[in-house]
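Take a look at the structures listed below.
In the two complexes below, chain A is the common chain; its partner is chain B in one and chain C in the other.
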Partner chain A sequence: MNSFTSRLNSLFAFTLSVMAALTFGCFLSTVLNDHLRPVQLSVGKVSVKNVPDYSADRDRSDLGFITFDLFTDLSPLYNWNVKMLFLYLTAEYKTKDHDLNQVVLWDKIVKRGENTILDFRKTNTKYYFWDYGNGLKGNENVTLSLRWNVIPNAGTLPNVKGLGSQVIRFPDQYTAGRF
Partner chain B sequence: MIVSSALMIWKGLMVVTGSESPIVVVLSGSMEPAFYRGDLLLLTNHKEEPIRVGEIVVFKIEGRDIPIVHRVLKVHEKEDGSVKFLTKGDNNAVDDRGLYARGQLWLEKKDVVGRAKGFLPYAGIVTILMNDYPKFKYAMLAFLGIFVLTHRE
Partner chain C sequence: MDYILPYVPESIKSIPTHMDFDGQKRAERYFQIIILAFAAVGFACGYITQFFSHTVYILFAGVIISSLLTLFPWSTYRKQPLAWQPARSADGKSPAPAVTGGSQSKGKKKKLKD
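Right after this comes the complex of A and B.
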């Protein structure tokens, strides 16, 4: 029994060390990647309303509406150490009340092995574009960009902004009536 | 010697990352398929680092013990650096407003206990097994006890 358990013990310890070394090698082999890709973005209809936000504090806030087109080929980003990419379409802008606002309008998970060429036309946003206040009307400088979070098999979790963005200009007038 | 060097490594990690618990095990499935139960996360907590959308933050709701690891969905930052942000788990259909304290609509910097910077799969599976199957925990402790008592070195 003595030699059996000690052999089992050393086998177990060896397996664990080999797996740890492989995992570390997996991480090291991709740590210098920059994960950048060009992205083509454009927007269609752009409008803004001023309505009470019932999911928040019932104050009237600006609610933006956009449709967007997105095209990018993310295939070169996928290697043996990329489990999936978490893509998120971000609108970034400045208002009177807040120096920096970032709102995620749409997100998608693309795992390794799935289709990595994205071609979306006239797509609606997944999440409501609420401002914290009334800073969207007449805002000429709302930047739309696609970013992604790289989830590796083992290693760091970088957030990367795609190369290419689109500026949205919201109209000076609120749109009345139903959506 | 082993115990003290392990403790030193742990405390050293705490200092370098600035986090009270720099290594955590993922306990829920709310961030699948990125993180599964039993995965290990390396956290940092550098307070000067700004909070931006897409980041995975670990936060605690006031009055509750359990830290939650979710992704930032919205950020509204003022000139003085004060920030209000909203989070959502990747595997949840709605944002976390339902999880926050009564009347709380946003999280602030003070609620953050860390940011996920590194990831190691399956390394925390023993913690999950011990939590889910208490008999396993007692069996492990008994086995270790017997091993320590009977091992001759």
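Right after this comes the complex of A and C.
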């Protein structure tokens, strides 16, 4: 503390420690949140084709096709410790080869400050609904649910499933021609 | 710095830049208290408005204020100078008996040979 630079060093180090403590306090203030919100999901067209997947084995695999409706209000999830939510729409189902299959069909990033009321009608999926094999035809229990990953300013990044899902039944016949 | 030293006017060279030990202690105490106070206020404001950026901005304001008050060698930090012994003449004898007790036991000061 006997020169300008030593005082500056001391003050700077103290400031960094204080800022770390404030950040930890910000984390503590939101650690008990459950990040749950109700979600309304429904589907429109549902069809499945059996086509070769050229990015995989070149065997014919099932390719599902759906259009969906989504409505939810995510505004209570945002607080001073949330930078953004990474939303993703998943389809989960069981086939005779694999007990659990999860496919992400659509995703969206909603940053803090952007519109948090989501209202999508008859929306196409962003990503292809490939199955490893032929497990979609006639599958009666494909569950569509909206999940989100909470990206905080400080702390853990939990993956949370929204309250509300939609069960899809795929038809017993493959659809010929274009979707 | 050494190149410009001969050109710096005496009025600037004579500005004191040191702090007493007591001044250093007070300066450190002052900036710790100021920064902690702004941190507490900033945390409360950030929690109320739910923006962590507000907390950081208020903390930075506290850092700037405490820097201005404690980093520079203001004269209030020189109010308790050390009680040095009176200077001795070249042959090692002090000009007058020492004022404070205990200095007699220090013995003769070593002189640096030029």
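General observations
Here, the second predicted complex is superposed on the first by the 177 of 179 C-alpha atoms of A that agree within 3 Å, B and C clash if a C-alpha of one lies under 4 Å from a C-alpha of the other, contacts with A are read in each partner's own complex, and residues count from 1 in each chain.
Just so we're on the same page, a residue touches a chain if its C-beta (ideal position, glycine included) is under 8 Å from a C-beta of that chain, and two chains touch if they have at least 3 such contacts.
Source: prediction; values computed, not measured.
In the superposition on chain A, A:V103 makes contact with chain B only, while chain C stays out of contact range. In the superposition on chain A, A:Y54 contacts neither chain B nor chain C. In the superposed model, A:S10 lies in contact with chain C only, and not with chain B.
Looking at the shared chain after the overlay, A:V18 reaches chain C, while chain B stays out of its contact range.
In the superposition on chain A, A:P152 contacts chain B only, with no contact to chain C. If you count the residues of chain A touched by chain B and by chain C, you find the higher number for B. Shared-chain residue A:N81: touches chain C; no touch with chain B.
In the superposition on chain A, A:T90 contacts chain B only, with no contact to chain C. In the superposition on chain A, chain A positions 23, 153 are in contact with chain B in one complex as well as with chain C in the other.
Chain contact summary for the complex, chain A toward chain C: residues 1-4, 7-8, 10-11, 14-15, 18-19, 21-23, 25-26, 29, 79-81, 153. Every residue of chain B that touches chain A in the complex is listed here, in rising order: 33-35, 52-56, 71, 73-79, 84, 90, 97, 105, 116-121. On the side of chain C, the complex with chain A involves touching residues 17-19, 24-25, 27-28, 31-32, 35-36, 39, 42-43, 46-47, 49-52, 55-56, 59, 63, 66-67, 70-73. Residue ranges of chain A in contact with chain B, taken from their complex: 23, 55-57, 83-84, 86, 88, 90, 97-104, 109, 111, 127, 130, 132, 147-149, 151-157, 159.
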